[in-house]
Amino acid sequence: MEPISAGALDIIQPTYWPGNYWWHWLFYTVVVIVFMLVMVIGAIYFERRAMGKMQTRLGPNRTGPFGLLQPIADAVKVLLKENIVPGVADKIVHFLAPVIAFTPVLLIFTVIPFQNGAMLADLNIGILFIVAVSSIATVGVFMAGWGSGNKYSLLGAMRNVAAVVSYEIPMVLAILGVVMVTGSLSMNDIVNAQNIPNILVQPLGFLLFFTAACAEINRSPFDLMEADSELTAGFHTEYSGMRFAMFYLVEYAEAIAMSAVISTLFLSGWRGPWLPPWLWLIIKTFFVFFLMIWVRTIMPRVRIDQLMGLAWKFLFPLAVINLFATAIEVLAWPDASQWIFVGVNIVLAGALVFLGSRLFKTGLGRVEV
Amino acid sequence: MTTTQELTLKTEPFILNIGPMHPSTHGVFRMRATLDGEVVTDIEPVFGYLHRGIEKLAEERTYTGIIPFTDRLDYLSPMSNNLGYCLAVEKLAGVKVPERGEYIRIITAELQRLANHCVAIGAMFNDAGAYFTPFLYMFRNREKIYDLFDMLCGQRVTYNYMRIGGVSQDLPEEFLPAVAKFLPQLKKFLDEYEFFVKQNEVFVARSKGVGILSKELAINCGISGPVARASGIKHDLRRDDPYSIYDRFEFDIPTAENGDCFDRFYVRVQEMRQSVRILEQAIKQVPDGPFRANVPQVIHPPAGESYAHIESPKGELGYYIVSDGSIAPYRFHIRPTSLINLGALRNMVRGWKVADLIFIFGSIDITMGEVDR
Amino acid sequence: MEIDENKDYIYDAHELDVHEGQIIEKLKANSQKSIPDPDGWLDEDIKRNIVLTSLDWVIDWARRSSLWPVACFPACCAIEMMAVEGPRFDLSRFGMEILRASPRQADLMITAGTLTWKMAPNVQRIYNQMPDPKWVIAMGTCGISGGIFRSGYNVVPGYNKIIPVDVYIPGCPPRPEAVIYGIQMLQKKIAKSKAVPDLNELPNPLKKGKK
Amino acid sequence: MTTALAATEIVSQLSAQFPGAVEEAGTDAVLVKGEHLPAVVEYLKTAAGLKFDYLNFITAVDYYSYFEVVYRLTSLEFNRYIVLKTRCYTRNKPSVLTLTGIYQGADWQEREIYDLMGISFKGHKNLKRIFLWEGFDGHPLRKDWNR
């Protein structure tokens, strides 16, 4: 019979905790949460200023120096607002929805390396974990749509579920290309393997993943579940006060998390000269986030059937072709220099996107959804 | 054994109330939309949320006192409304407007058309879901037109500038040079804007072939203005029934064939170019002289009735006035362009998605002040 | 569902219309008196000489720095409201470019336009849907008193017959500068309000019937 | 210039087609008897050489002793217009035949007249108040309406 104390020790000090001590784990958890909150506040400020500049106006600049305190004022105000639960709402579902939407976003950050090995959990299936966890937020969104008892919310939630289900597939296929090139599912190993950033080795994969990520986290032009001009505020129409703040937080935290994932997978994560690694990660994350803001500012929203059409008619075939091409490259010439593949893949990506867009245009009819 | 017949799902219509306070109903329009999933199967428009009773109020005002009401009808183009009303009263009373007054009217009306189309195009993009950017770029140019009007009459929206027999005050000295300076800027901006919009795949995908209005239906519904011209009806009152001095200017009437949302955008942009053309001719020809005919403040037109219509930015705007010889009109009726243009909305949106419903509605360009009066 | 192109233009929503009419008539009968502006506390404040705490200051600062307006744009003033949002006057400097379409997430209602009796129940509903604390700015003469449409048969003479109004901005429509000035006046007003309630004034659950 | 179709020109044609339809022919307008109105309009819309296919507007005027409903039709092809009028001499539930079957654009304008002037249009499929609410007392554009 095994002594009980050994089992207890296993719980306190399992081998997969960073540094093998529970206080390391606690410290990292706190760091991740604080990091995410600070990043979100920065992202909100950054987005509003950047969009202001693109829209020939200034953006917030009155609250604090350069308007830096604007997101904090927003946060304090929203948290102190009255919380309204509509009479027809399903109270429990309405209460739980923001929590369920919020948790998975935090989990994404657990597997993103800030430095070589500096992450909460170096899972050997890190990227699979992200794919699995990131779609849980949809459950929260659908709960919000259903529990609010509002028709606009329900429509927005249904759109979101349809979009996420479709966009998982091109997203995973795009990731598979990266996994084949680097030969690992662990985020840390993926970064370590990127002597050439994957955006060059997998240019098509980057485009597909960026588009699919935008659709999955509902950034414009795929923000159909919020759709200001159609569905007032979409799935969170009936949310106010702190619950709404959580959804607002989720929206930006998801964007930041996806930007971080993209910079880890395709932009060689924390690697870079001169600056400390964590700063490189933040810079790259904000660069990807800026791309998202840019797209949001210049694009009208697509329609739901066009959203589906894009996933199944355009992204899916391209992702499959990309996967095959990568597989052939990796299998046939495992020892060839990656720089050859860079050239080949960029040409292939350009040709495929061009052909795909021509073909896609011809098939842009009405699709019943 | 189950057959296909038994497996068919029973569906219920999903009735969605859009409006009256909805971000993209251009005011307080309300639609009861019946949906099948995302597809709009039927809509019922509900009006009256801005019904201020202008036609009744006008019966207790003098003829000059009605001009402020017309400003607030279609608040995106008050100058055109003023012009139409003044023409109707002048027709009734037989007043001849001096040359300079006519030119000032044309210049202001065409500037107003530019300002209106700025908002129409920008708001249409907003309804398509673009996050404010195209709207704000259009607004930046609209501000410049507002400055010109501000210079003219000291008001930004409700000008109350035209009078029966002319305009209320003469052009300030710096007005015409300012217009001459503004027009090339606008032309350049329009080229740029159109280029970027036509390159935007998402916008083209959203607008091409969406919300088609056939020519026959457009005529049957009495639709006028850019919406009708986008459907291929080459009808423009400035050309077909020239009022004021429009017969002196050279301009084209842009039309399109398909009658979809893209064509409505395209026709509006082309119309802005034509307005610039008219303005370029007009500012060179403005003569000296009185800007207003010698008309008493309180006029008694003879008993009778008159109908004057103009090509307002939204379409045919008409005023039907019945006079009994007193200082106030006996009956004052406005032909509401926006209300009549909405007449085909139901035919245009059926079978399209909710997103298209909003977009098609935005592409018609209505103002609730004019719909409900 | 099949779309029948030849279906007649008939709806059986008559009960809905009748119901709406009843609501309007009821509201019309009940709102003949103006609702007093919710700034009685200003006088009281001076009388009792209450000092604002620093927590008050922080909360008031947050509230006045981030006023999110709800989209309530019935008529002409909406154009000037858009101009205020636009590039030249640029309300985004004050962090107010987030126009919430859903009243549940807004703090400020800028009533830009004439209010008609048919619209009144909807405006009241929007106001009720906004979470506390909330403020209302009556923009334009129509919003203050009905303006030149005051004698109309369908026009509510001022928003304060329906909802309490904090700040009035005159003008038909007011110029954007005036609107920004009005918003700053509201910010001043918010800065003076007491955000943290006195503990003595709160109802004590232990002592029934007493404060 | 959109020219008026002189009433005298059309009256003989109309009288031949619909005997007794024209009540009175002024210089600028033709006064048609209420029961013949849809037939006359249908004829004006379809007859070759007339083709009045565009309905500008419909309105109504209250002259105390009678209501006058005014129709203005335009022919886009020939660029001509004609003004038709019809009268109803009763103040209690006046009614006119509808034109919605001929022009779809007449729908809401007829509803507007019904709402504000209280003239009902026989045959209109969806005749209910458009601007004011159900239960509003009276029809405000009538001259004897009092608040």
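The first chain written gets the first letter, and so on, giving A, B, C and D; residue counts start at 1 in each chain.
By our rule, a residue touches a chain if its C-beta (ideal position, glycine included) is under 8 Å from a C-beta of that chain, and two chains touch if they have at least 3 such contacts.
Here the structure is a predicted model, which is why all the values come from computation and not from measurement.
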Legend entry - Pair sharing more residue contacts (C-beta pairs) when C-D is set against B-D: B-D
Inset, instruction - Identify the chain whose mean C-alpha position lies nearest to the mean of all protein C-alpha atoms shown. - result: B
Legend entry - Where chain A and chain B are represented by their mean Cα positions, the distance between them in whole Å: 44
Inset, instruction - Calculate how many whole Å lie between the centre of chain B and the centre of chain D, each centre taken as the average of the chain's C-alpha atoms. - result: 25
Inset, instruction - Starting from the mean Cα coordinates of chain A and chain C, work out the distance between those two points in Å. - result: 37
Inset, instruction - Would you pick out the residues of chain C that each touch at least 2 other chains? - result: 9, 11, 86-87, 101, 118, 153-154
Legend entry - Touching two or more other chains - residue numbers and ranges from chain D: 107, 129, 131-133, 140
Legend entry - Multi-partner residues of chain A (at least 2 other chains): 55-57, 228, 232
Inset, instruction - Would you mind giving me the full set of chain pairs in touch? - result: A-B, A-C, B-C, B-D, C-D
Legend entry - For the chain A and chain C complex, residues of the former touching the latter: 48, 52, 55-63, 67, 69-70, 72-78, 80-84, 228, 232-233, 236-241, 244
Legend entry - Complex contact set, residues of chain A against chain B: 51, 54-57, 151-152, 155, 159, 220-221, 223-224, 227-232, 296-306, 357, 364, 368-369
Inset, instruction - Would you pull the chain C residues touching chain D in the complex into a rising list? - result: 8-11, 14, 17-18, 20-22, 24-25, 117-118, 153-154
Inset, instruction - Name, in rising order, each residue of chain C that touches chain A in their complex. - result: 58-59, 61-63, 65-66, 86-87, 90, 92-95, 97, 100-102, 104-105, 107, 129, 131-133, 195
Inset, instruction - Flag every residue of chain D that touches chain B in the complex, lowest number first. - result: 1-2, 53-57, 59, 61-62, 70, 72, 76, 79, 83, 103-105, 107-109, 112, 116, 129-133, 140-141
